Amino acid sequence: MNYATQQKLGRILLYVAAIVISAISVFPFIYAISTSLKTGSDLFNPALWPKAPTFSNYLSLFQTAEQPFGRHLLNSIMVSTGVVALSLFLSLTAAYALGRIQFKGRGLLLAAILSVSMFPQVAVLSGMFELIRFLGLYNKAVGLILPYMIFTLPFTVWVLTTFMKQLPKELEEAAIMDGCSPWRILKDVFMPLLWPALVSTGLLAFIAAWNEFLFALTFILDNQERTVPVSISLLSGASKYDIPWGNIMAASVIVTIPLIVLVLIFQKKIVSGLTAGAVKG
Amino acid sequence: MSTSTAARSRQAWIFLTPLLVVLALVAAWPLARTIWFSLTDANINDLSAAKWVGFENYWGDYGLFGNSADTNGFWAGEWGTAILNTLKFASVSVTLETLLGLAVALLLNQEFKGRTFVRAAVLIPWAIPTIVSAKIWGWMLHDQFGIVNQWLLDFHLIHDRIAWTANMDYAMWTVVMVDVWKTTPFMTLLILAALQTCPKDCYEAARVDGVHPFRVFWNITLPFIKPALMVAVIFRLLDALRVFDLIYVLTSNSDSTISMSGYVQRQMVDNGYVGLGSAASTVLFLIIGGCTIAYMRLSRATGRNND
Amino acid sequence: AGVTLTISCGTVGQDYEWCKRATGDWAKKTGNQVKHLSVPASTTDILGLYRRMFAAKSSDVDVVVVDVVWPGIIKDHLIDLKPYSKGIESQHFPAIVKNNTVDGKLLAMPWFTDAGLLFYRKDLLDKYKLSPPKTWAELEAAATTIQAGERKAGVSDFQGFVFQGKAYEGLTCDAVEWVASNGGGTIVDSKGDITINNPKAAAALDMAAKWVGKITPPGVLNYAEEDARGVFQTGKAAFMRNWPYAWSLAQGNDSVIKGKVAVSALPAGEGGKAAAALGGWQLAVPKYSKHPAEAADLVMYLTSEAVQKDRAIGGSYNPTYPSLYKDKDVLAANPFFGSLYDVFINATPRPSTVTGLKYNEVSQAFWQATHNVLEGKQSGADSVKALEARLKQIKRQGW
Amino acid sequence: MSQIVFKNIQKIYPGATTPTINNANLTIEDGEFCVFVGPSGCGKSTLLRMVAGLEDISSGDLSISGVRVNDMAPAQRGVAMVFQSYALYPHMTVGENMAFGLKVLGSDAADIKRRVDQAAEVLQLTPLMDRLPKELSGGQRQRVAIGRAIVKEPKVFLFDEPLSNLDAALRVQTRIEIAKLHKRINTASMIYVTHDQVEAMTLADKIVLLHTGKLVQERGSVAQVGSPLTLYNRPQSRFVAEFIGSPKMNVLPAKVSSASSTGLAIQVGGNTLNAAVDASGLKGQDVFIGIRPEHVVLLPEGSSTGDNRVSGRIEYLEKLGDATLLYVELATGLPSITVRLEGTHSLSIGREVQFLIPAEHVHAFGTDDMALPRLGDLPS
Amino acid sequence: MSQIVFKNIQKIYPGATTPTINNANLTIEDGEFCVFVGPSGCGKSTLLRMVAGLEDISSGDLSISGVRVNDMAPAQRGVAMVFQSYALYPHMTVGENMAFGLKVLGSDAADIKRRVDQAAEVLQLTPLMDRLPKELSGGQRQRVAIGRAIVKEPKVFLFDEPLSNLDAALRVQTRIEIAKLHKRINTASMIYVTHDQVEAMTLADKIVLLHTGKLVQERGSVAQVGSPLTLYNRPQSRFVAEFIGSPKMNVLPAKVSSASSTGLAIQVGGNTLNAAVDASGLKGQDVFIGIRPEHVVLLPEGSSTGDNRVSGRIEYLEKLGDATLLYVELATGLPSITVRLEGTHSLSIGREVQFLIPAEHVHAFGTDDMALPRLGDLPS
């Protein structure tokens, strides 16, 4: 087989794989969309497409004044953005120290940071509850940013440290020779090169914060201040046993969309910032 | 490198301070509380009435280990099963996720039309809240009106509906499958970022050398992404060992699939035994720590440490 | 200008609408204000939330809804309503009042009640010329006949009987019904003695295990209420054990079984008498409320006969006043209330009050033991024996 | 059998407006040692990478051993390459880097070891075999890159500036090693990119000089192809003449006083110079004459003036040990010229000196910058 | 005021057992142009990086302008550096790369633009200002790296092989540009690492030649410090003699027949040679004599034999255009020697030839490899 046909075949395989993977990934989401367009007994019908599609599930989400879903969306966006911004900032600076400077106790520190996220969330809940009340952050959406650090920080610090380590030493040296302060090196030289890592970890941290349930449920009682996962869990049907599938699916579809938008926005950054051309060998 | 090592490490601590302050703030108190509670008989009903009991929660008639109720041996008991279940779940799902994540990341690293779309599509499973996606899958896998059984029937792949989440032979694998579906994007995204750091010229050298793509992957790509891969696996491992939501929603906290976190949840929240639950958390913490160290040792041993 | 109370009485949907209406009326009447605290849909989540708030002595909520099995669990955090009830509790179902009374304190006022019922397809019973089953054996026989017939007729996945078999509180309810109706007692008796290790209880569990894979899909081991209803409401099952809520949904306009459904009391066991698990909700006032008097007044108002009647008519909530089951307005709206009066008044409570703080653990051990039997991992006899040992360990020095 | 033929090769980098390589036509014979030279950025690496298969060919045909390879995978072309950026595998030690290509081919372990050890010996890498690339000096990295190619003994070698970071001694030694390698495997063709004239001159069977800048568009990428001495002695254009030779050729504008097929007489700043070139094709009165610094002869002080003599003032002077470079200011209006004298001389800046410009060493270029054919029997 | 003093400097890389730099003592005067040369891997870059502050000093003192800088941050030392591996910022364009250092210093925008444009002009980078490093050729990257240092006009310049990827013309031009820069900012000291002898010779006020291998341990890192011609004419040791000069000096073992302070007579393969060296300090009968290829004189065919004459057979020959290199086999037992002849000669491989080895050009080394002082007035 010659190279050209081989390449063509490779392309075809590539597309097939891409289609299969996308299909598997997206299918449950499609299913969620389809369910969100169903009501009543139609919900129990396995058919993919609803008999009588309706947007009533979406409308009802935004029509309940006591459960302001729109407001909850805003809260979630605010909290998650805050979490990402703060944890990226904190971990970027820390990663610089941990990844590029050899100092005593570095390994121990990394281990300690990692161990923070080794406890199950329920276990830290009561302590955290006391802490939140003590700090006066109880019942405030922004107050969630702080407790969320407990699970985003170890992750972002570790990932960024790893990536930071891999940048060529010569670049930092060149920047040092140019008179850059460490902060400047971080900001002007490393950060642009770390975009793929920053965006990836940022997205993952965002999603983690966006989907967090337990803290959000426990630390917020005020209806105005809730975040979406809790909001979804508060959706209920006509009675205690009746699960409002249609509404839940509609809400899930809505909460997933901002994340898709984020991915599309940061798309380019996920693949860029290569170090090509920087140094020899 | 650079000038005085002392000056550099001073800088390091300056850069670390904000992080450490925040971490101390959010983590120190809750974690200390957990460990302290684990040595008391605290009950959620009245935490202030907690009494020091030493290691009774860990060892003894009513403890995690050496519990007199484990008449059929420790591993048949509730806690023993939880440990086994969790280890089984974590090892299988993390392995699968890593392999699949790698494959998908390699795919996404190629240039092709529609890459943008696929990249967004691949992330969707991770983006849907766990509780919701578990419910969607629960619904899709429902033995009677789930679409999966329906399709399998329609295509004559099975002739009886399968009770995916109820049948104990399938339940664990179903949970693993859903977890793989859900968290592969996490691996994918991190690996993809790592793939971006591989220098292009090495690939060119390999191409000229006629290195088989598999070999390129094994000898060039893998060493490059290994540090990032390790971190990704560690965090997946951490999450998998603490799995709770997914199992809880899909199969409920039944003894056949209960995880260690599920056990903690059960003791601490459902039963209110904060002391015992905290002890279980602490043991879970130690097990996770042990697994992480074992994993790091193992992967360091299988390759040159390029630190 | 009055005080502001916060009440947690259900989330969106019907519960919330009714609650809001009634509290609004009270607020207008008394000049106070009422805020609503929404809680998650899942009962477990609600309880977890409350317990954490109580542990923090939070005064964020003044009136809480309380599941029928909770009074024992949160007894230390609720005020005694006796001083405020002025004896009105005697007009409610005594079983519920007893359930709500711990150590002589009336911790919660009954708000509405619930009980397990048998739903069946009267069209199919007619088709196969069967009468509604009075015993489990009859149910099994009828289900077998109908299932075989329907499958032959082409509905390949038709099921005889569906219930709640998932390892959760719902299974405890179902299994309590089986055991109690078979004369096997209530796990722990009112004195606190563990009674579950008896042949009748074992037989009841064995009986249920026999259904699985025969008249019941294996998937039932992971069914909650909605799963069962889903199967039943799509016309794929002949019998269903469920709560009254399924009634109005099954009779809904888009339901394929609309008009083909009937409800009856659950069957009885051999030589036993029918038993229905007691469900339902109460209202209570946490100790940490800053306005206990006003809060108690609100509770009394919400649980008053007039309000309950309203809710029964408009929302099919089963009232806790026996008198309302004879009220013709109520009966007009809910025809089966009358025929099922006995079921409601004799509903079997789970051993929650007596086991107090440890109820959840007891229930867990029980449903797990039942689940094991349903799975076929253990025989009923082995299972109840092991359960007894487990319960003894849980009990330690006492409940 | 590894003849390499470039036919109308063109390369336009994505995003670029003008081609980097334009209309390149070239044949490298089986077993030939071909050196690409040219100014920085002229496209030497690009051309080489096209042969390797690492760079798409925008148009034209490239064939190796008679087979069109435009669409053939690099691995199938049977080439080995040394990269300008080294492209060492950072996770492999020096030894592993060198062995990797062979391992991939499935050679047996003993053979690999033998070949790697031998190459390491030659390149003085033996003590470094267990180091990682990041622990090497620049020159050491370069040697590893060379070693990696050498051990493979392919049919076409591609070298991109393989010696540019080596010291003189090692450079000579490695150069000779490469020449020997070429002799030994005498069916292997080599393409070698360098900017070092000595390397080009000593190694090449054939030198390919590439144009840069707008000449690429005007005249195609290839400026001249030929043996080293042909390029040195008979440059086809002023571009070639100025590029080959170091220090570079002095070029002066001149007025023609007489021109025939046997010679050219010109006026440069008042002096008459004769040039042994065939000027029969010359049009117009203006020419440029060229004379290499090493061909200018210093006349003893007080020599008589006459034809082919120029005088000037030493502006600056560099002593190289074995030679001395003079930068001499001629009459006003003329560029200053460079003169290379053998050995060390006791001259000083500011002194007036007189030179002989031998007619047989004078080059002449028309206003189109093309050279007039030189007369006489020149080595090639 | 930017004198740089190395005092007993030692560098041991972490994990290494022997020092890479050992006992280096050296003073670079204010405004001096100092070139480090030495074999590949001898520690030139390491030494340079220590001045820059990028490499810890294991022991010893380094001072700039009289201040000990061992622990001073690189940025405070007032140095600019060109890296051997370029180290361009990959995400910045050529223009941004060059401007970055100035921006960091807070220079005003107009000034930055002016200086960058000017440097770009000199380095022929103007058309490439908007490209990213990955879109540049090797030589172009190197020029950007140089540009980045030049624009900063610091008081100490550090260049690590800045020209190694440039073609001859550009190389000369950039070299002159650097020399001019040095003249212009004549308070700036420069340290320049190169392996190119011509560069070293033409640029250096002072050359520092470094030892490699076990000589580092035995004699310290610095082999000899001096002006270019001193190193060429009066190498202190055989190491220096062989390193400086290209092709390298021929060294032959010899037996002493007579030795005095005014000369040395030796026997090489049956011939008697005289050397103009002060042999008074010589111990023992064995010496090595050295003669540079360019100092060997080809005698016309049939010349009479006599002192200072050797004959041999041409083994191999390289034509460089302006010169010819002969590799000549002498009597058996002796290494073959290299001879450099000016111009092109009609010699062929295999021919027997006779050479004169002028006594005044002969170097002699004791068995300890140290040179005997040469007599006469040699340029320096």
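So that you can tell them apart, the chains are marked A, B, C, D and E in the order they are listed, and the count of residues begins at 1 in each.
In the analysis below, a contact is a pair of C-beta atoms (placed from the backbone, for glycine too) under 8 Å apart; a residue touches a chain by one contact, two chains touch by 3 or more.
Labels paired with UniProt names: A = Carbohydrate ABC transporter permease; B = Sugar ABC transporter permease; D, E = Sn-glycerol-3-phosphate ABC transporter ATP-binding protein UgpC.
Note that this is a predicted model, so its numbers are computed, not measured.
Asker: Starting from the defined contact criterion, work out which chains touch subunit A and subunit E both, please.
Answerer: Common neighbours, subunit A/subunit E: B, D.
Asker: On the document's contact criterion, could you list the chains that touch subunit C and likewise touch subunit D?
Answerer: The common neighbours are A, B.
Asker: Any idea whether B-C or A-D has more C-beta pairs in contact?
Answerer: B-C
Asker: Give the label of the chain whose average Cα location is farthest from that of subunit E.
Answerer: That would be chain C.
Asker: Could you give the separation in Å between the centres of subunit C and subunit E, each centre being the mean of its C-alpha atoms?
Answerer: Centre separation, subunit C to subunit E: 94 Å.
Asker: Report the inter-chain centroid distance for subunit B and subunit D in whole angstrom, where each centroid is the mean of the CA atoms.
Answerer: 60
Asker: Taking the mean of the CA coordinates per chain, how far is subunit A from subunit B in Å?
Answerer: Here the centre of subunit B sits 16 Å away from the centre of subunit A.
Asker: What is the distance in Å between the mean C-alpha positions of subunit A and subunit C?
Answerer: Going by mean C-alpha positions, subunit A sits 39 Å from subunit C.
Asker: Touching two or more other chains, which residues of subunit E qualify?
Answerer: Where subunit E meets two or more other chains at a single residue, that happens at 53-54, 73-74, 84-85, 135-136.
Asker: Where in subunit C do residues touch two or more other chains at once?
Answerer: In subunit C, 52, 55, 230-231, 234 touch at least two other chains.
Asker: Would you mind listing the residues of subunit B that make contact with two or more other chains?
Answerer: 1-2, 5, 44, 47, 145, 199, 201, 224, 269
Asker: Go ahead and list every pair of chains that touch.
Answerer: So, checking each combination of chains, I get A-B, A-C, A-D, A-E, B-C, B-D, B-E, D-E as the touching pairs.
Asker: Would you pull the subunit A residues touching subunit E in the complex into a rising list?
Answerer: 168, 170-171, 173-181, 184, 188-189, 192-193, 273-281
Asker: Name, in rising order, each residue of subunit D that touches subunit B in their complex.
Answerer: Against subunit B, subunit D makes touches at 52-54, 73-76, 79-81, 83, 85-92, 100-101, 104-105, 132, 148, 152.
Asker: In the complex formed with subunit D, which residues of subunit B make contact?
Answerer: That would be residues 199, 201-202, 204-205, 207-212, 215, 219-220, 223-224, 304, 306 of subunit B.
Asker: Residues of subunit D touching subunit E in their complex?
Answerer: Checking each residue of subunit D against subunit E gives 13, 37-41, 43-46, 84-85, 135-140, 143, 160-161, 164-172, 195-198, 201-202, 228-229, 232-233, 242-248, 292, 294, 318-323, 325, 340, 342-344, 346, 379.
Asker: Provide the residue numbers of subunit A that touch subunit B in the complex, in ascending order.
Answerer: 11, 14-15, 17-18, 21-22, 24-26, 28-29, 31-32, 35, 44-46, 48, 86, 89-91, 93-94, 96-98, 101-104, 106, 109, 113-128, 130-131, 146-147, 149-150, 153, 155, 157-159, 162-163, 165-166, 169, 172-173, 176, 182, 196-197, 199-201, 203-204, 207, 210-211, 213, 228-229, 232-233, 245, 248-249, 252, 255-256, 259-260, 263-264, 267, 270-276
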